[in-house]
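Each chain gets a letter, A, B and C, in the order it is written, and its residues are counted from 1.
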Amino acid sequence: MWHQRDLTLKPHPRGFHLITREVVSALPELAGIRVGLLHVFIQHTSASLTVSENASPDVRRDFERYFNHAVPDGWADFEHTLEGDDDMAAHIKASVLGAGLSLPVRDGRLALGTWQGVYLCEHRNSGGARRLVLTLMGE
Amino acid sequence: MWHQRDLTLKPHPRGFHLITREVVSALPELAGIRVGLLHVFIQHTSASLTVSENASPDVRRDFERYFNHAVPDGWADFEHTLEGDDDMAAHIKASVLGAGLSLPVRDGRLALGTWQGVYLCEHRNSGGARRLVLTLMGE
Amino acid sequence: MWHQRDLTLKPHPRGFHLITREVVSALPELAGIRVGLLHVFIQHTSASLTVSENASPDVRRDFERYFNHAVPDGWADFEHTLEGDDDMAAHIKASVLGAGLSLPVRDGRLALGTWQGVYLCEHRNSGGARRLVLTLMGE
(Lines give C-alpha, C1' and ligand atoms only; values in the text may rest on other atoms or scores of the structure.)
Protein backbone atom coordinates (compact mmCIF):
# COMPACT_ATOMS: atom_id res chain seq x y z
CA MET A 1 0.00 0.00 0.00
CA TRP A 2 1.45 3.32 -1.09
CA HIS A 3 0.36 6.85 -0.24
CA GLN A 4 2.09 10.05 -1.20
CA ARG A 5 1.25 13.56 -0.18
CA ASP A 6 2.77 17.04 -0.35
CA LEU A 7 2.98 19.05 2.82
CA THR A 8 3.88 22.73 2.70
CA LEU A 9 5.23 24.00 6.00
CA LYS A 10 4.60 27.62 6.90
CA PRO A 11 7.77 29.76 7.00
CA HIS A 12 9.90 29.09 10.08
CA PRO A 13 12.66 31.33 11.41
CA ARG A 14 16.23 30.15 10.99
CA GLY A 15 16.83 27.36 13.49
CA PHE A 16 15.61 23.89 14.43
CA HIS A 17 11.89 23.18 14.84
CA LEU A 18 9.81 20.17 15.90
CA ILE A 19 7.41 19.16 13.14
CA THR A 20 6.44 15.60 14.12
CA ARG A 21 2.80 16.52 14.73
CA GLU A 22 2.38 18.30 11.41
CA VAL A 23 3.90 15.40 9.51
CA VAL A 24 1.71 12.79 11.20
CA SER A 25 -1.46 14.88 10.83
CA ALA A 26 -0.91 15.20 7.11
CA LEU A 27 -1.22 11.42 6.67
CA PRO A 28 -4.42 9.98 8.12
CA GLU A 29 -3.63 6.78 6.17
CA LEU A 30 -0.88 6.09 8.71
CA ALA A 31 -3.53 4.65 11.04
CA GLY A 32 -4.16 1.81 8.61
CA ILE A 33 -0.56 0.58 8.33
CA ARG A 34 0.44 -2.37 10.53
CA VAL A 35 4.09 -2.53 9.37
CA GLY A 36 5.75 -0.03 7.11
CA LEU A 37 7.93 3.01 6.56
CA LEU A 38 7.26 6.71 6.25
CA HIS A 39 9.69 8.59 4.04
CA VAL A 40 9.88 12.35 4.54
CA PHE A 41 11.73 14.39 1.94
CA ILE A 42 12.37 18.13 1.74
CA GLN A 43 12.49 19.56 -1.80
CA HIS A 44 15.09 22.22 -0.97
CA THR A 45 18.87 22.46 -0.70
CA SER A 46 19.12 25.02 2.11
CA ALA A 47 16.91 23.35 4.71
CA SER A 48 17.01 19.80 5.99
CA LEU A 49 15.45 17.16 8.24
CA THR A 50 16.77 15.26 11.22
CA VAL A 51 15.58 13.24 14.21
CA SER A 52 16.57 14.42 17.68
CA GLU A 53 15.38 15.16 21.20
CA ASN A 54 11.72 16.19 21.38
CA ALA A 55 11.48 17.74 24.84
CA SER A 56 13.96 20.54 25.57
CA PRO A 57 13.93 23.71 23.46
CA ASP A 58 17.52 24.33 24.58
CA VAL A 59 18.64 21.29 22.56
CA ARG A 60 17.25 22.91 19.43
CA ARG A 61 18.97 26.21 20.25
CA ASP A 62 22.26 24.32 20.78
CA PHE A 63 21.89 22.71 17.35
CA GLU A 64 21.60 26.16 15.82
CA ARG A 65 24.62 27.50 17.73
CA TYR A 66 26.77 24.47 16.99
CA PHE A 67 26.07 24.37 13.26
CA ASN A 68 26.65 28.11 12.91
CA HIS A 69 30.04 27.54 14.50
CA ALA A 70 30.91 24.48 12.41
CA VAL A 71 29.79 26.02 9.10
CA PRO A 72 30.15 29.81 9.43
CA ASP A 73 28.03 32.14 7.31
CA GLY A 74 30.21 33.83 4.73
CA TRP A 75 33.19 31.53 5.37
CA ALA A 76 36.20 33.19 3.71
CA ASP A 77 36.84 30.31 1.29
CA PHE A 78 33.31 30.15 -0.12
CA GLU A 79 33.10 31.10 -3.78
CA HIS A 80 29.29 30.86 -4.09
CA THR A 81 28.33 34.10 -2.34
CA LEU A 82 25.86 35.84 -4.67
CA GLU A 83 22.77 34.75 -2.73
CA GLY A 84 23.98 36.03 0.64
CA ASP A 85 26.27 34.96 3.46
CA ASP A 86 23.84 32.34 4.74
CA ASP A 87 23.33 30.58 1.40
CA MET A 88 26.40 28.42 0.87
CA ALA A 89 26.59 27.58 4.58
CA ALA A 90 22.96 26.45 4.30
CA HIS A 91 23.80 24.06 1.45
CA ILE A 92 26.58 22.45 3.48
CA LYS A 93 24.48 22.09 6.63
CA ALA A 94 21.60 20.66 4.59
CA SER A 95 23.84 17.94 3.17
CA VAL A 96 25.38 17.11 6.54
CA LEU A 97 21.93 16.64 8.09
CA GLY A 98 20.22 15.31 4.99
CA ALA A 99 17.16 15.94 2.81
CA GLY A 100 15.33 12.72 3.69
CA LEU A 101 14.33 10.53 6.63
CA SER A 102 12.84 7.04 6.67
CA LEU A 103 10.91 6.27 9.85
CA PRO A 104 9.54 2.89 10.89
CA VAL A 105 5.75 2.51 11.17
CA ARG A 106 4.07 0.01 13.49
CA ASP A 107 0.41 -0.53 14.37
CA GLY A 108 -0.70 2.71 12.77
CA ARG A 109 1.92 4.96 14.37
CA LEU A 110 5.51 6.07 13.90
CA ALA A 111 7.76 3.71 15.87
CA LEU A 112 9.95 6.47 17.28
CA GLY A 113 11.76 6.29 20.61
CA THR A 114 10.24 8.10 23.58
CA TRP A 115 12.47 11.14 23.18
CA GLN A 116 12.62 11.32 19.39
CA GLY A 117 10.99 13.95 17.21
CA VAL A 118 11.33 15.13 13.62
CA TYR A 119 13.09 18.47 13.16
CA LEU A 120 12.80 20.92 10.32
CA CYS A 121 16.28 22.47 10.11
CA GLU A 122 15.88 25.90 8.57
CA HIS A 123 19.32 27.13 7.52
CA ARG A 124 18.34 30.36 5.71
CA ASN A 125 17.56 33.68 7.37
CA SER A 126 14.35 33.88 5.34
CA GLY A 127 13.73 30.45 3.91
CA GLY A 128 10.02 30.90 3.37
CA ALA A 129 7.52 28.06 3.12
CA ARG A 130 9.13 24.64 2.66
CA ARG A 131 7.69 21.76 0.65
CA LEU A 132 7.86 18.18 1.92
CA VAL A 133 6.97 15.01 0.04
CA LEU A 134 5.62 12.32 2.36
CA THR A 135 5.66 8.76 1.06
CA LEU A 136 4.02 6.08 3.15
CA MET A 137 4.40 2.41 2.30
CA GLY A 138 3.53 -0.78 4.13
CA GLU A 139 0.74 -3.21 4.77
CA MET B 1 6.53 -8.80 1.97
CA TRP B 2 7.14 -6.90 5.19
CA HIS B 3 8.86 -8.01 8.39
CA GLN B 4 9.60 -5.89 11.41
CA ARG B 5 11.53 -6.80 14.48
CA ASP B 6 13.01 -5.11 17.54
CA LEU B 7 16.64 -5.77 18.37
CA THR B 8 18.08 -4.68 21.69
CA LEU B 9 21.85 -4.33 21.59
CA LYS B 10 23.77 -5.00 24.77
CA PRO B 11 25.47 -1.91 26.25
CA HIS B 12 28.56 -0.86 24.30
CA PRO B 13 31.30 1.46 25.51
CA ARG B 14 31.44 4.93 23.98
CA GLY B 15 32.85 4.58 20.47
CA PHE B 16 32.13 2.94 17.13
CA HIS B 17 31.25 -0.76 16.92
CA LEU B 18 30.58 -3.22 14.11
CA ILE B 19 27.09 -4.73 14.43
CA THR B 20 26.45 -6.14 10.95
CA ARG B 21 26.36 -9.71 12.18
CA GLU B 22 23.89 -9.01 14.99
CA VAL B 23 21.57 -7.14 12.64
CA VAL B 24 21.59 -9.89 10.03
CA SER B 25 21.14 -12.67 12.60
CA ALA B 26 18.05 -10.98 14.00
CA LEU B 27 16.25 -11.35 10.66
CA PRO B 28 16.19 -14.92 9.36
CA GLU B 29 13.51 -13.74 6.88
CA LEU B 30 16.27 -11.95 4.97
CA ALA B 31 17.14 -15.26 3.31
CA GLY B 32 13.78 -15.28 1.53
CA ILE B 33 14.06 -11.84 -0.09
CA ARG B 34 15.25 -11.73 -3.70
CA VAL B 35 15.13 -7.92 -4.06
CA GLY B 36 14.43 -5.50 -1.26
CA LEU B 37 15.60 -3.11 1.40
CA LEU B 38 16.47 -3.43 5.06
CA HIS B 39 15.81 -0.35 7.14
CA VAL B 40 17.64 -0.12 10.46
CA PHE B 41 16.53 2.54 12.92
CA ILE B 42 17.85 3.43 16.37
CA GLN B 43 15.23 4.70 18.83
CA HIS B 44 17.61 7.07 20.63
CA THR B 45 18.96 10.58 20.16
CA SER B 46 22.44 10.11 21.61
CA ALA B 47 23.59 7.11 19.56
CA SER B 48 23.50 6.63 15.82
CA LEU B 49 24.15 4.31 12.88
CA THR B 50 26.50 4.54 9.93
CA VAL B 51 28.14 2.38 7.28
CA SER B 52 31.93 2.33 7.10
CA GLU B 53 35.03 0.17 6.84
CA ASN B 54 34.58 -3.29 8.33
CA ALA B 55 38.17 -4.51 8.68
CA SER B 56 40.47 -2.22 10.67
CA PRO B 57 39.71 -1.43 14.31
CA ASP B 58 41.89 1.67 13.96
CA VAL B 59 39.31 3.19 11.59
CA ARG B 60 36.70 2.91 14.34
CA ARG B 61 39.07 4.49 16.86
CA ASP B 62 39.75 7.35 14.43
CA PHE B 63 36.01 7.95 14.08
CA GLU B 64 35.79 8.34 17.85
CA ARG B 65 38.78 10.70 17.99
CA TYR B 66 37.63 12.80 15.07
CA PHE B 67 34.05 13.28 16.29
CA ASN B 68 35.23 14.13 19.81
CA HIS B 69 37.35 16.84 18.23
CA ALA B 70 34.63 18.13 15.90
CA VAL B 71 31.92 18.16 18.59
CA PRO B 72 33.66 18.61 21.95
CA ASP B 73 32.02 17.38 25.15
CA GLY B 74 30.87 20.35 27.21
CA TRP B 75 31.44 22.85 24.40
CA ALA B 76 31.34 26.33 25.99
CA ASP B 77 28.32 27.50 24.00
CA PHE B 78 26.07 24.56 24.85
CA GLU B 79 23.08 25.53 26.96
CA HIS B 80 21.68 22.00 27.45
CA THR B 81 24.16 20.73 30.06
CA LEU B 82 22.03 19.20 32.82
CA GLU B 83 22.56 15.61 31.67
CA GLY B 84 26.35 15.79 31.56
CA ASP B 85 29.10 17.05 29.30
CA ASP B 86 28.66 14.20 26.83
CA ASP B 87 24.92 14.64 26.35
CA MET B 88 24.50 17.60 24.02
CA ALA B 89 27.57 16.60 22.01
CA ALA B 90 25.94 13.18 21.62
CA HIS B 91 22.75 14.71 20.19
CA ILE B 92 24.75 16.64 17.57
CA LYS B 93 26.89 13.65 16.56
CA ALA B 94 23.78 11.47 16.34
CA SER B 95 22.13 13.88 13.90
CA VAL B 96 25.27 14.27 11.79
CA LEU B 97 25.56 10.49 11.40
CA GLY B 98 21.84 9.73 11.44
CA ALA B 99 19.31 7.53 13.21
CA GLY B 100 18.47 5.36 10.23
CA LEU B 101 20.04 3.38 7.40
CA SER B 102 18.45 1.75 4.37
CA LEU B 103 20.50 -1.08 2.93
CA PRO B 104 19.86 -2.91 -0.35
CA VAL B 105 18.98 -6.61 -0.20
CA ARG B 106 19.72 -9.04 -3.01
CA ASP B 107 19.33 -12.82 -3.21
CA GLY B 108 18.74 -13.21 0.49
CA ARG B 109 21.68 -11.08 1.65
CA LEU B 110 22.62 -7.48 2.28
CA ALA B 111 24.16 -6.07 -0.91
CA LEU B 112 26.99 -4.27 0.87
CA GLY B 113 30.38 -3.58 -0.66
CA THR B 114 33.27 -5.84 0.31
CA TRP B 115 34.58 -3.42 2.90
CA GLN B 116 31.30 -2.12 4.28
CA GLY B 117 29.85 -2.85 7.68
CA VAL B 118 27.14 -1.37 9.90
CA TYR B 119 28.39 0.62 12.89
CA LEU B 120 26.65 1.38 16.13
CA CYS B 121 27.94 4.82 17.08
CA GLU B 122 27.66 5.12 20.86
CA HIS B 123 28.09 8.76 21.79
CA ARG B 124 27.35 8.57 25.54
CA ASN B 125 29.81 7.49 28.23
CA SER B 126 27.21 5.07 29.58
CA GLY B 127 24.55 4.75 26.94
CA GLY B 128 23.23 1.41 28.12
CA ALA B 129 21.32 -1.05 25.94
CA ARG B 130 20.12 0.45 22.65
CA ARG B 131 16.92 -0.48 20.85
CA LEU B 132 16.84 -0.90 17.06
CA VAL B 133 13.78 -1.37 14.86
CA LEU B 134 14.55 -3.51 11.82
CA THR B 135 12.11 -3.26 8.91
CA LEU B 136 12.59 -5.61 5.99
CA MET B 137 10.63 -5.18 2.78
CA GLY B 138 10.89 -6.73 -0.66
CA GLU B 139 9.87 -9.74 -2.68
CA MET C 1 6.93 -3.67 -7.91
CA TRP C 2 10.64 -3.98 -7.25
CA HIS C 3 13.58 -3.40 -9.59
CA GLN C 4 17.24 -3.51 -8.71
CA ARG C 5 20.19 -2.66 -10.86
CA ASP C 6 23.92 -2.09 -10.52
CA LEU C 7 25.39 1.06 -11.97
CA THR C 8 29.15 1.48 -12.27
CA LEU C 9 30.20 5.11 -12.50
CA LYS C 10 33.33 5.93 -14.46
CA PRO C 11 36.20 7.26 -12.32
CA HIS C 12 35.63 10.85 -11.19
CA PRO C 13 38.29 13.21 -9.84
CA ARG C 14 38.21 14.02 -6.15
CA GLY C 15 35.30 16.41 -5.55
CA PHE C 16 31.53 16.66 -5.90
CA HIS C 17 29.80 15.68 -9.15
CA LEU C 18 26.22 15.76 -10.42
CA ILE C 19 25.04 12.27 -11.38
CA THR C 20 21.23 12.64 -11.47
CA ARG C 21 21.05 11.98 -15.19
CA GLU C 22 23.16 8.82 -15.05
CA VAL C 23 21.10 7.42 -12.19
CA VAL C 24 17.77 8.09 -13.92
CA SER C 25 18.98 6.73 -17.26
CA ALA C 26 20.01 3.46 -15.66
CA LEU C 27 16.42 2.73 -14.64
CA PRO C 28 13.96 2.87 -17.54
CA GLU C 29 11.44 1.16 -15.21
CA LEU C 30 11.10 4.48 -13.37
CA ALA C 31 8.67 5.63 -16.06
CA GLY C 32 6.17 2.97 -14.99
CA ILE C 33 6.01 3.93 -11.29
CA ARG C 34 3.14 6.18 -10.20
CA VAL C 35 4.13 6.37 -6.51
CA GLY C 36 7.31 4.99 -5.04
CA LEU C 37 10.87 5.42 -3.85
CA LEU C 38 14.26 5.11 -5.48
CA HIS C 39 17.04 4.01 -3.17
CA VAL C 40 20.58 4.75 -4.31
CA PHE C 41 23.44 3.10 -2.44
CA ILE C 42 27.20 3.35 -2.94
CA GLN C 43 29.16 0.18 -2.14
CA HIS C 44 32.25 2.01 -0.88
CA THR C 45 33.43 3.63 2.33
CA SER C 46 35.49 6.48 0.88
CA ALA C 47 32.91 8.03 -1.44
CA SER C 48 29.35 9.07 -0.66
CA LEU C 49 26.07 10.45 -1.99
CA THR C 50 24.14 13.60 -1.20
CA VAL C 51 21.43 15.86 -2.60
CA SER C 52 22.27 19.50 -3.20
CA GLU C 53 22.10 22.41 -5.62
CA ASN C 54 22.07 21.32 -9.27
CA ALA C 55 22.93 24.55 -11.08
CA SER C 56 26.14 26.27 -9.96
CA PRO C 57 29.48 24.48 -10.27
CA ASP C 58 30.85 26.84 -7.60
CA VAL C 59 28.57 25.19 -5.02
CA ARG C 60 30.24 21.86 -5.75
CA ARG C 61 33.70 23.43 -5.48
CA ASP C 62 32.71 24.98 -2.13
CA PHE C 63 31.62 21.56 -0.86
CA GLU C 64 35.07 20.21 -1.68
CA ARG C 65 36.84 23.15 -0.01
CA TYR C 66 34.65 23.06 3.08
CA PHE C 67 34.95 19.32 3.69
CA ASN C 68 38.73 19.40 3.18
CA HIS C 69 38.86 22.06 5.87
CA ALA C 70 36.49 20.25 8.25
CA VAL C 71 38.19 16.86 7.85
CA PRO C 72 41.83 17.50 6.92
CA ASP C 73 43.82 14.90 5.00
CA GLY C 74 46.41 13.36 7.27
CA TRP C 75 44.94 14.88 10.43
CA ALA C 76 47.57 14.50 13.16
CA ASP C 77 45.40 12.29 15.40
CA PHE C 78 44.52 9.72 12.74
CA GLU C 79 45.95 6.29 13.44
CA HIS C 80 44.75 4.63 10.21
CA THR C 81 47.30 6.11 7.79
CA LEU C 82 48.64 3.16 5.80
CA GLU C 83 46.50 3.81 2.72
CA GLY C 84 47.50 7.46 2.35
CA ASP C 85 46.63 10.84 3.81
CA ASP C 86 43.30 11.02 2.03
CA ASP C 87 42.02 7.63 3.19
CA MET C 88 40.87 8.10 6.76
CA ALA C 89 39.53 11.59 5.98
CA ALA C 90 37.53 9.97 3.18
CA HIS C 91 35.94 7.46 5.58
CA ILE C 92 34.83 10.27 7.90
CA LYS C 93 33.42 12.43 5.10
CA ALA C 94 31.63 9.44 3.63
CA SER C 95 29.86 8.75 6.92
CA VAL C 96 28.94 12.40 7.47
CA LEU C 97 27.33 12.59 4.02
CA GLY C 98 26.10 9.00 3.90
CA ALA C 99 26.22 5.93 1.68
CA GLY C 100 22.54 5.92 0.74
CA LEU C 101 19.72 8.17 -0.43
CA SER C 102 16.01 7.50 -0.72
CA LEU C 103 14.26 9.73 -3.24
CA PRO C 104 10.49 10.03 -3.77
CA VAL C 105 9.09 8.93 -7.13
CA ARG C 106 5.90 10.37 -8.61
CA ASP C 107 4.27 9.85 -12.02
CA GLY C 108 7.31 8.13 -13.49
CA ARG C 109 9.89 10.68 -12.35
CA LEU C 110 11.98 11.58 -9.33
CA ALA C 111 10.02 14.09 -7.23
CA LEU C 112 13.02 16.34 -6.58
CA GLY C 113 12.79 20.07 -5.95
CA THR C 114 13.62 22.40 -8.85
CA TRP C 115 17.18 22.99 -7.64
CA GLN C 116 18.00 19.52 -6.34
CA GLY C 117 20.40 17.06 -7.90
CA VAL C 118 22.18 13.89 -6.80
CA TYR C 119 25.90 14.28 -6.09
CA LEU C 120 28.61 11.67 -6.17
CA CYS C 121 31.03 12.80 -3.45
CA GLU C 122 34.45 11.40 -4.37
CA HIS C 123 36.70 11.72 -1.34
CA ARG C 124 39.78 9.86 -2.60
CA ASN C 125 42.46 11.31 -4.86
CA SER C 126 42.13 8.29 -7.14
CA GLY C 127 38.92 6.55 -6.17
CA GLY C 128 38.43 4.75 -9.46
CA ALA C 129 35.11 3.46 -10.76
CA ARG C 130 32.37 3.41 -8.11
CA ARG C 131 29.55 0.88 -7.88
CA LEU C 132 26.01 1.92 -7.04
CA VAL C 133 23.06 -0.33 -6.28
CA LEU C 134 19.77 1.21 -7.41
CA THR C 135 16.60 -0.20 -5.86
CA LEU C 136 13.28 1.02 -7.19
CA MET C 137 10.02 0.17 -5.44
CA GLY C 138 6.46 1.38 -5.82
CA GLU C 139 3.32 0.86 -7.81
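What we mean here is this: a contact is a pair of C-beta atoms (placed from the backbone, for glycine too) under 8 Å apart; a residue touches a chain by one contact, two chains touch by 3 or more.
Chain by chain, the UniProt names read as follows: A, B, C = YjbQ family protein.
Please read these numbers as outputs of a predicted model, since none were measured by experiment.
S.K.: Nearest 5 degrees, what's the C-alpha rotation angle taking chain B (YjbQ family protein) to chain C (YjbQ family protein)?
M.R.: That pair's rotation angle lands at 120 degrees.
S.K.: Since chain A (YjbQ family protein) and chain C (YjbQ family protein) are copies that touch, is their contact same (over half of the numbers shared) or different (under half)?
M.R.: Under half shared, hence different.
S.K.: Indicate the whole-number Å distance between the mean C-alpha point of chain A (YjbQ family protein) and the mean C-alpha point of chain C (YjbQ family protein).
M.R.: 20
S.K.: Using the touch definition from the top, which residues of chain A (YjbQ family protein) touch two or more other chains?
M.R.: Residues 70, 96, 98, 102, 137 of chain A (YjbQ family protein) touch two or more partner chains.
S.K.: Considering only the defined contacts, which chain A (YjbQ family protein) positions touch chain C (YjbQ family protein) in the complex?
M.R.: Those in contact with chain C (YjbQ family protein) are residues 2-4, 39, 41-45, 70-71, 75, 77-80, 88, 91-92, 94-96, 98-100, 102, 131, 133, 135, 137.
S.K.: For the complex, which residues does chain A (YjbQ family protein) have touching chain B (YjbQ family protein)?
M.R.: Checking each residue of chain A (YjbQ family protein) against chain B (YjbQ family protein) gives 35-37, 50-53, 56, 58-59, 61-63, 65-66, 69-70, 96-98, 101-104, 106, 111-116, 119, 137-139.
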